[in-house]
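Look at the two complexes coming up: chain A is in both, with chain B in one and chain C in the other.
Our next item is the complex of A and B:
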């Protein structure tokens, strides 16, 4: 039976009259990468802060490793690494000094701390910059040290609150690789983001929240299957319109081609191929398109995630 | 954990050169500047021009006596340049001009009841500079008058004893310094600026607490094993030690460079410790009270600069109006400065500064209580 590292039950939190979280519940499987997806202001950071022990919920319960987080105190903190959305490092100190400080705060024994700092710097690809002040680092490098600070005490669960905001593709790829390695090592990851492609690339399970409420959750594939619609994409030479298919809806333009949503993509693909051949139209691209989280979000809320 | 937080803070401060400037560079600069300015003003002579139109041994002897007694450096000018000198004074470019008229010797020797007038031209704002000079001139005039009376009594056949009895003043003044002889401008300036700049540590504390709050560091640290109280105590400890080092450096500088007599070292150490506790205690309170950097800076400036003036750090409290003197008792600076001067000037020991230590301890305790009461709110806003 799969164990759950986190169990959130009916969590609610309000700031004054604003309801930030409205009775959300979800479970995070041990060793999985769990995505918490939602637009800005959906309640992701509030959820992350409650799970990290920074905020108290108004109602509801959170248990980690089978223990209530409030009662467990340091027993949970020792196994939890929290990567906040903002870069919280001392800019004038070196990467090494910052990590030393966080290591001490996490209670890592000084005898092993030096070695451990070397390991995590290696892990984030900054071993050669250990003695450089953070202020000399690029945004992406700072993000990597920000993550490294949460790994020093070898946590079993890492909570990452939008760890890739505003970084270069190289650093993003590095962080993705790091997350995959951590997951392979059995670490559970709770990953909050408003980038759908990140969840698609990294996560096994997800919860989508909007206005403090859960609007969809489950395994990534299951959510895509349940809420997403399959489609066929056709792009013709010189941007020509595709031939219309009897009994199918009108295709919608997408980029240089056309997208036709359908429950029977194979049939549409075949019909379009034949129609193009009959009409001697030159096909540049014809394929079945996998449903995306963007489409899921659109179908659930009527808006795109980025509009939010 | 507490020590680790303090260690991190010391590392950060070592990287921030501005902190050294505020805590050590500035006070040393002030001590050197004001020590030199007031030291020169009290020890060196002001140059005053004069024109001797009499050119006699008596006038020369008179001018030499004036120079010796007043400490002013007299500078001879020719009578042809008199108008130029007067014009200079009128234009505010000169301070004063003394003119010994022709016939000075004759008038002194004759003493026929028609005294000749020395002319002292002076600039309207030069009262404080000229007053001592004028007092010396009047004193010398009195001396000449006494000589004249003495001569007249001698001529009338009075014995020496009788003449001395007549000329003896009805009272004399004996100057008795009761509280040590070491007072000079340095005993005002060194402890004064040491006390003043101790309170500048509040600026550094404020910047760090608010900086940690704004950057999310305070919130992030809550996800670690670190307890909220460790954070507060660690930060406090770091600045307490920094303030102790600051006081030690400044007082040592005063002792080595200006030969400042420190008095009872144990008493000084206890006082410095209590002053550091007080300054950092207030720093914690302000850091927890204010909502923004600007608000904190306004509070701090008011406390450091206002307290410095009221507390008698720049000039002795006795020179201020009675009401202000009463108000000064409510500033920590007053009690710290008083205790420093009690030890350095009046030679008192720990028992002699108990009141000052008690007041500093009470203010420190108030600061710490305010900080503790407000700390929950500080954390709440940091985590929100």
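Our next item is the complex of A and C:
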């Protein structure tokens, strides 16, 4: 039976009259990467803050490693690495000195700390910048040091609150690789973001929240299948319009081709192939397209994530 | 796990507070100017009947306010540097996190007091010797210093706890309480004025605003309740930090 590292049950939190979280529940499987997805202001950060022990919920329970976080307190925090949304480093100190401080705070014994700092700096690809002051680092590099700090005490669970906001593509890719490696090592990752493609690339399971409520959750594939609509993509030579199919809706233009949403993609694919052949149209690309999280979000809320 | 980590918390606080402060050159420039001015004044006008070195003790009137400032700065730094999120998620209770701040601030304050009183004593010795007054007024100066130090030690934990509370309350839903903290800051920060006023009413009092002679016993007895109030303020800070912080 799969064990859950986190179990969130009926969590609610309000700031004055504003309800930030409205009875949200979800479970994070041990060793999985779990995506918490939602537009800005959806309640992601509030959830992350409650889980990391920064904030108390008004009602509801959170358990980690089988223990309620309110009761277990520091026993749970010992096994948790938290990467906050904002960079939390001491700018004038070097990367090494920052990590030394963070390691000491987490009780990493000094004998092994030096070696561990070397390991995590290697892991985030900044071993050659260990002695440089943080102030000379780019935003992405700072973020990587921040993640390294959260890894020093070998946590079993890492909570990452929008770790790729405002960073360069190189650092972003590095973070992705690091998350995959951590997952392979059995570390559970809770990953909050408003970038759908990141969840699609990294996560096994996800919860989509909007206005403090869960609007969809489950395994990534299951959510896409359940809430997304399949489609067929057709691109013709010279960007020509595709032949219309009787009984189907009008295709929507996407990039250089056309997308037709359908519940029977195989039939549409076949009909389009035949119609193109009959009309001697040159096909560049014809394929069944998986539904995207963007489409799922759109179908559930009527808005796109980034519009919010 | 975490054996000695409280020590590391304090070590870090001191590294961020004392060492950084003393690395600033302009601080030492000011210290040097003040010492030169005091030394010059004592050389020219010094002596028990003119510019008595005891008058330098007037500057202790601002110390309780400085303690409050050190305390605020110690805690406010986490918000200014954006490290509060990380700091609050460390595997320590908020009591321990705040206690580390309080202890480090107290160490800074005690170090500051010690330096100040030793410097004043040395200036006094210098002045009394060069003006031929011998060593007998030194005993009197030392006794006066002890009284000032006693009052400062009495009130400092209160000002320190008040500074921590002010910083936390300002970032919590309890923010409307801030004016009350400022009133307490004004009243208790002026402790020397109060003591001096009460003292001038007594027989041993000195009407020039300086404390001299022996202070009445009840003033010393007040220290215990003041420390107890300081402990309550610290407990309130921890409670606000646990329950009402807006992060």
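By our rule, the second predicted complex is superposed on the first by the 308 of 308 C-alpha atoms of A that agree within 3 Å, B and C clash if a C-alpha of one lies under 4 Å from a C-alpha of the other, contacts with A are read in each partner's own complex, and residues count from 1 in each chain.
Assume a contact is a pair of C-beta atoms (placed from the backbone, for glycine too) under 8 Å apart; a residue touches a chain by one contact, two chains touch by 3 or more.
Worth saying up front: this structure is predicted, and the values here are computed from it rather than measured.
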{"item": "Superposition on chain A - do chain B and chain C clash or fit", "value": "clash"}
{"item": "Partner chain(s) touched by A:266 [first = chain B, second = chain C, both, neither]", "value": "neither"}
{"item": "Common ground on chain A, meaning residues reached by chain C in one complex and by chain B in the other", "value": "15, 49, 52-55, 74, 77-78, 80, 82, 84-88, 90, 101, 104-107"}
{"item": "Residues of chain A that touch chain B when the two form their complex", "value": "15, 49, 52-55, 74, 77-78, 80, 82, 84-88, 90, 92-93, 97, 101-102, 104-107, 133"}
{"item": "Residue ranges of chain C in contact with chain A within the complex", "value": "1-3, 5, 8-9, 11-12, 16, 81-83, 85-93, 242-243, 245-247"}
{"item": "Chain C-touching residues of chain A, taken from the complex the two chains share", "value": "15, 49, 52-56, 73-74, 77-78, 80, 82, 84-91, 101, 104-107, 149"}
{"item": "Of all residues in chain B, those that touch chain A in their complex", "value": "1, 4, 8, 11-12, 15-16, 215-217, 219-226, 383-384"}
